[in-house]
Amino acid sequence: MSIEKRMLARELKLAAARPGDIFKPMWFLMLVISMVPLALSPDSVLLADIGSAMIWVATLLALLLNTEHLFQSDFSDGVLEQWLFLDRPLAWLVGLKLIVHWLFHVVPLICITPIAGLMLSVPTDVLIALLMTLVVATPALTCFSGLGAALTLGSSRSGILGVLVMMPLFVPVVILAAGVLIRATDGSEILPLMALLGAFSLVAATLVPIAVSAAIRLNIGGSN
Amino acid sequence: MSIEKRMLARELKLAAARPGDIFKPMWFLMLVISMVPLALSPDSVLLADIGSAMIWVATLLALLLNTEHLFQSDFSDGVLEQWLFLDRPLAWLVGLKLIVHWLFHVVPLICITPIAGLMLSVPTDVLIALLMTLVVATPALTCFSGLGAALTLGSSRSGILGVLVMMPLFVPVVILAAGVLIRATDGSEILPLMALLGAFSLVAATLVPIAVSAAIRLNIGGSN
Amino acid sequence: MIFEPVSLNISQVSCERDDRLLFHNLSFALRSGDILRVAGPNGAGKTTLLRMIAGLFEVQDGVITIDQEPLSERRHQVLYIGHKPQVSRDLTVIDNLKFLTGFDEPVVKQALIDVGLRGYHDSLVKELSQGQGRRCALARLWCSEAPIWILDEPYTALDVTMVETLDRKINAHVAQGGLCLFTTHQLPQSLNFETLELGRVD
Amino acid sequence: MIFEPVSLNISQVSCERDDRLLFHNLSFALRSGDILRVAGPNGAGKTTLLRMIAGLFEVQDGVITIDQEPLSERRHQVLYIGHKPQVSRDLTVIDNLKFLTGFDEPVVKQALIDVGLRGYHDSLVKELSQGQGRRCALARLWCSEAPIWILDEPYTALDVTMVETLDRKINAHVAQGGLCLFTTHQLPQSLNFETLELGRVD
Amino acid sequence: MSWRWFHQWGSPRWFYERAGRWQLVCGWLALILLVVGSLWGLGFAPVDYQQGNSYRIIYLHVPVAFLAQAMYAAMAVCAVVLFVWKMKLADVAMQAIAVTGLAFTVLSLVSGAVWGKPTWGTYWVWDARLTSMLILGFLYLGLIGLRAAIQDPDQAGKACGILVLVGVVNLPIIKYSVEWWNTLHQPASLKLTEKPTMPASMWMPLLVNILGYYIAAAYLVLGSMRAIVIGRERRASWVKELVGRA
């Protein structure tokens, strides 16, 4: 079997062994979405106003929490260090892992947002724009939070560091996405902003795996 | 040294060794709070309207994520099973741990909410009410999420399962707190609701440690 | 220090895990001064038995008593060291030990010197080598007041010197009226023990 | 299978950790057929040296080559088994091995039978006993195509039978032209090895 | 009530065989009741003067909503039995009920949402009844998730038992607080103590259906309990015998 196939087979098995990992972020999203009206007010007009933004932030959080421990168990079991002995660049393997993670754990999350949208009475056209921004933006978010996960692998103390590093990287994505949503509500042109978002994701997806692999190497070097 | 003093000394040392654990939830709160205007619209009237509710939900989430791994490292290092050999009921030790956790990890979080409130232009009197509800409600929230953490100890990659499992139980707390905030905005009487919240916290703080200790015993029984 | 005479009674204990019968109607008794090695191939159920006796694994069938009293009453008379590190990675060696034993700095420091960790008092456990980490966990034996020691593979990762030191400590403990149960796959050279062989029942 | 002749050169390697000098200007060379035991007390730096040679720990000073080429070019010729479990707790025994070795079901199954895990193929690793988990990690040796084996305390937690099986496997490996570096605190009975003693330099 | 009775009930084999027979009875009874109730309700009950024909969802919605709540209570009883008498069968029942309960909760949410569109003009509103139903759904989900996360069935059972008990203490508080927060949904139209506000020709079929759904729920729970028992005892000799015969 080629190394790529082995990686994919393993990720599939892991996803099957931990089906919870797929459902948990979806579940989290729905819980957060149902906490908002409870804490705010059940008024559907107000909810519709802030609905799409809430869904965006909640999805971002769900994704973050989901990706936070992306490499943790492989690292502490010593499986991650075995990746170094495979006949492929680490960045390539990391890229594969990130893609698989996006497909298995982020896409299902996106698929459930329409229900959240219905519950917060978000209008249909805004909902469609919301879905599109999520599809286009999540690759970048996944890469960045993967980087955060890799940076925090080694010690419990680097915890803050990894997360702080990630924060400024999320901001442009959120601002662009919010721009798209506001335009969708107005009914004006969203394509240019979407293109920007897409470009951002593309660049992230090509460059971040290299940074992630460097971070992983670093942390393996420090452990016993 | 008495067992209680040893527990306290140890928790202090751990908190000092992992400062990230204290700052991470604060950072998380600020992230969520700064994402909301970015994702929504910088309109300060709308922000002030939804501000206190947002801060409440964000604090709730930060607390949950913070408590999620409360017992994890002690469990996997095998330190938790040593608690069983101490000459004290487990529920008592668990209660101590929860109190210390609240003091070191939740109170700092509450202390930072005024800044979040300023950022979302929440009026001062509402802010004060917000702080009060947080102080009164967080003991209950801490206990419940501690229970979630204990229940999911055994499964290796439980992730946020504990949070998800316990979240529905937070509903009364959220609703009561929201009630207080709405009344504070109106300028009406908040005391009765606060008293209810306090009672809820008190009952939780006395009973939940028993359930937590049962859950811990259970999970120790299943591990090797 | 001399311990009060103590006895440990295991009677008619059976255990099944994942539908594999590990042991059936096992009975034995230990008194002050006894050393028992639980032997058997990998997966025989040694760890399971030791955890049962320590009260960490539910006794499904049978009775275990200390001085005729149920285990749960006598928890603090037992010292158990298992497969896990038993110490927190983020704390220093000395803080870990102070918490686990309840003794003050001087006693604990002496124990650390006894196990050859002089100079590592203020190292974090995660900065120790495998064997040093294990030594740190074992240092508890040097400041323990529990008569009943239950040690699951205590020799793992220890070098020759430390193995001898540990043997001497166990001998001293039983000479004081303690008793010790342990497992290992390496035959200890200088201990005078009896063996309980756990085989595959099936 | 017979391996191409292979050589491992360590020259002038030094290492300092936490201001403790572990080894200084260490040089040696291994060729096909060699077995080297790295010995020394706890904390001597055995694991550190092995991880350096495996390319998992940065070489601070000195050069390590395989067949005169830098390590990083020859990664896939090395098989390293360290202190950590090396297998995922949430996967079954067989899935873990299929990923790590790249071999198909029949080969992997045979390897598992060889290490005495018949009947445990579909158990999750977290349901295994300590020694069984270790056996699972070691099963990789039975389906490895790497000539250079680096084993950090491979005998840990293994029962007597498995220790013998492992010795036989290592002998067979070097007979095929492989080479093996390992550490252990238990003296292996049936291996023909040389010893590199790492002492405290300070 | 003798201890032997409990002992017998604790025996998986005894239960498996007995439950097969009960299941048969429940199945037929439920089928008859549901066919009668549904035909009557859908075909013969009068049209509602306000809602037209859309009200007929009531014949699904109401029984299912009742059951979703009743099953949580049943689970709490099982949890108590589990902890007090250490009966494994109670744990099996808890597991079976959690899944069935979630199914009924989802059904009631979906049927309510479908009904909401013609009557309220929207699929979802944040009303007390709806919200507390949603939360009940999350509670069921939590139980199923917790059980799935823990490998050992006995251990998983006890963990779920703790969660159920904590949940059952909280459930009335949740319900009360949510009601206090916002109420918009239909007030109860069927009460034990008062005469119903609907005409008899509407509530009679509803009553038949409620009974039918309860018995159908028993059928489902017994069925999944039997499946769980077989799964857990798969290596016991009596199961092998059974499978060998089949």
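Chains: A, B, C, D and E, in written order; residue numbering restarts at 1 for each.
As a convention for this text, a contact is a pair of C-beta atoms (placed from the backbone, for glycine too) under 8 Å apart; a residue touches a chain by one contact, two chains touch by 3 or more.
In this text, all values refer to a predicted model and were calculated from it rather than measured experimentally.
Two chain pairs are in question, A-E and A-D; the one with more C-beta pairs in contact is A-D.
The most distant chain from subunit D is E, comparing centres defined as mean Cα coordinates. Set against the Cα centre of subunit C, the chain with the most distant centre is E.
Put simply, the C-alpha centre of subunit A and that of subunit C have 45 angstrom between them. Centre-to-centre separation of subunit B and subunit E, using mean CA positions: 33 Å. Computed from the mean C-alpha positions, the centre of subunit C lies at a distance of 49 Å from the centre of subunit E.
Mean C-alpha position of subunit B lies 37 Å from that of subunit C.
Looking at subunit C, residues 47, 83, 90, 129-130 sit in touch with two or more other chains.
Contacts with at least two other chains are made by residues 17-18, 156-158, 161, 164, 167-168, 171, 175, 178, 221, 224 of subunit B. Among the residues of subunit E, those in touch with two or more other chains are 135, 138, 141, 145, 149, 151, 181.
Against subunit E, the residues of subunit D that register as touching in their complex are 124, 126-127. The part of subunit E that touches subunit B in the complex is made up of residues 135-136, 138-139, 141-143, 145-146, 149-152, 155, 158-159, 162-163, 165-167, 170, 173-174, 176-178, 180-181.
The residues of subunit B lying in touch with subunit A in their complex are 17-21, 23-24, 27-28, 31-32, 35-36, 38-41, 46, 49-50, 53-54, 56-57, 60-61, 65, 156-161, 163-164, 167-168, 170-171, 174-175, 177-178, 182. Residues 18, 40-43, 47, 83, 116, 123, 127-132, 134-135, 153, 156-163, 185-186 of subunit D are the ones touching subunit C in the complex.
On the side of subunit A, the complex with subunit D involves touching residues 1, 3, 6-7, 9-10, 13-14, 17-18, 73-74, 76-79, 81-82, 84-87, 220-221, 224.
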